[in-house]
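Across the two complexes that follow, subunit A remains constant while its partner is subunit B and subsequently subunit C.
Let's look at the complex of A and B:
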């Protein structure tokens, strides 16, 4: 028996040589990705994950893990396995090219024309 | 590094890089040199993954085990407010373990595997938690000075290269600032109190000084292995540098309270560095390898918690669950 300075440990009457079965896969359940909103009006942001047996418990754990200091007003959880993602290896899909300036505000320069027009008046 | 090229097994840096694709390795190192973070699904050298898993996992275990010597004092903390504060701190520590385990999981080791390695003694955790908290003052010294040491380490590592670890550490550091203030407040209360209170806190400080000096580990061997880890931003500062930083920040604060440290050689030298008696590294090794006063108790308590909680976890488990590693 473990004799401890900690009265709680003594009360629990723990064998010193208490070898246990190793934890099996999924003993700690699957994971949920947690998103929180800091203030009303803000976007929800990914803050981390929790292990949980179901969505309801994931919300409880998510609130406890990420929202216990009043830093959140709202939390979403979604199973990790339900999230579809792009690959960093394919990040060239986000590349753009200079000839697509027609989509940017900076692609429209009218002052030259206006000044030229005014001079010509 | 192709095919049958002979790699000297004594050349640790070459062994670390053996078999890696040179082009991918160059891109990986360039990304880190640019200050970009590595994310879970990026290509990374095997050794980078291995070292990070080991480091983050041990860090997670330290948070869990560290909650034990402090948790001891929740029921006996003087006054309701301190009980509440200590409970909040211990909850934070366990939360930190969860954040760290999650970061390690993104590298491919499941939480079950980490817990199994902890409770069988295969994985290590911070050596300081193999010592007991004899009195309330020990719990106060832990909360102030062990957390102070941890913050120095964590602030350095938060600038590392692995995204999920950095994000976990940013969050952890925010909470640690409360721990540090809380611990300092408790130590100041004792040190400015009655003679009996001063005696209590001085005794605890004297007891904890050797483990505190051990906290950052022995001097790093100057090896090309360490150089690679520093280039990869896995290791962000040498153990000696972190120890110096700690001494520089906290020895004056300790002396301000009129407390003494059990090292006659401790002083700041002309070069602005701290001189101290070399800690007993044999004792450090003996304790880390299971010979400390609390090693057996810590692991028995962890095994007990896993075992007695198992039926609850199993009852909640559902047949359709399937595990995939977290995303970030």
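Let's look at the complex of A and C:
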């Protein structure tokens, strides 16, 4: 018998040579991505993942894993398998040539005008 | 206001919450899956917190400090229904008990939100959200397992049958029943049981589970008066072990 400091373990009367059969691969619930919203009107933000057999269970788990500190007003769950992603191998698609300042806010020379105006005061 | 009647009401509610809170916390680290382990443990903490809020009200009515009341009484001084002290058994029983008790608890607090005893009405309004989630959690599990497969259905039905007469014992009459109703402190156990039956029936129907036929109903009474099963003594002993080790310790 396994003897433990935890009385619950002792009560369970577990044989020391107990052969526990490990779960088979994928013999488990699928995962749901959890998004929470801090305030009504805010964007939902991804906060983590839960295992669940259906969306309703994913909601009750998501609430308690990620919303129990009173920081959320709403939760979304989405099946992980329903999330489509780009490949990290393709992450060079986010790179861009630097000679395109006209596409960026910093590319506008408005500060020059502001400074010129300030000097004129 | 009849203080004795209020104290009796507060004691049974607080003791129910403390004992079920402790029982449910015994699942911590042993729950069926991580997410459920965390959820069940978190709700157990809610229950302990709710019991503390009620022990504080009792303290304001002249009873001892909440910790003293919670950790220094003997089993026969507790007023919880026997349902709540029964060992956890397997997860089916723990879930069914959670379902049966939390529906009653939610309705009890809902009624008390309009109590003429304002301090308790205030607590009742504060715990509303927690209770709503607890019932949502219980309904979701019971509905899912009631109809998932033959084994889960059979286990849930057996657990329901086993828990049933103990659950009816939650509605044991107080000796002050008439005063509580007349003074608009509480709606009374009979009204509560009617509302409870109607709420759980709807969910059980959806879950494909049946309430035992009413000719077998035989409420297990006595818990409210300090009469308990042999399971409460060891629970109280384990729960208060650390406190009794040094009752004057500062935490």
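Here is the rule we go by: the second predicted complex is superposed on the first by the 81 of 121 C-alpha atoms of A that agree within 3 Å, B and C clash if a C-alpha of one lies under 4 Å from a C-alpha of the other, contacts with A are read in each partner's own complex, and residues count from 1 in each chain.
Everything that follows uses one rule, which is that a residue touches a chain if its C-beta (ideal position, glycine included) is under 8 Å from a C-beta of that chain, and two chains touch if they have at least 3 such contacts.
Values in this document were obtained by computation on a predicted structure and should not be read as measured data.
Within the superposed three-chain model, A:24 lies in touch with subunit B and out of touch with subunit C [touch as defined at top].
By the document's definition of touching, both partners, subunit B and subunit C, reach A:65. Using the contact criterion defined above for the overlaid structures, shared-chain residue A:94 touches neither subunit B nor subunit C, since it reaches no partner.
By the touch criterion defined above, A:8 reaches both subunit B and subunit C. Looking at the shared chain after the overlay, A:53 reaches both subunit B and subunit C.
After overlaying the two complexes on the shared chain, residue contacts for A:16 are found with subunit B alone; subunit C is out of touch. When the two complexes are overlaid on their common chain A, residue A:81 makes contact with subunit B while staying clear of subunit C.
Set against each other, subunit B and subunit C differ in how many residues of subunit A they touch, and the higher count belongs to B.
The residues of subunit A shared by its contacts with subunit B and with subunit C are 7-8, 12, 29, 50-51, 53-54, 57, 64-65, 68.
In the complex of the two chains, the subunit A residues touching subunit B come out as 2, 4-9, 12, 14-20, 22-31, 33, 46, 48-51, 53-54, 57, 64-65, 68-69, 80-81, 83, 85, 87-89.
Subunit B meets subunit A in the complex at residues 39, 41-42, 68, 71-72, 75, 91, 95, 98-99, 102, 105, 110-112, 115-116, 119-120, 132-134, 167-168, 171, 175, 296-297, 300-301, 303-304, 306-307, 310, 313-314, 316-318, 321-328. Every residue of subunit A that touches subunit C in the complex is listed here, in rising order: 7-8, 12, 29, 50-54, 56-57, 60-61, 63-65, 68. Taken in their complex, subunit C has these residues touching subunit A: 26, 30, 33-36, 38-39, 42-43, 133, 136-137, 140-141, 144, 238.
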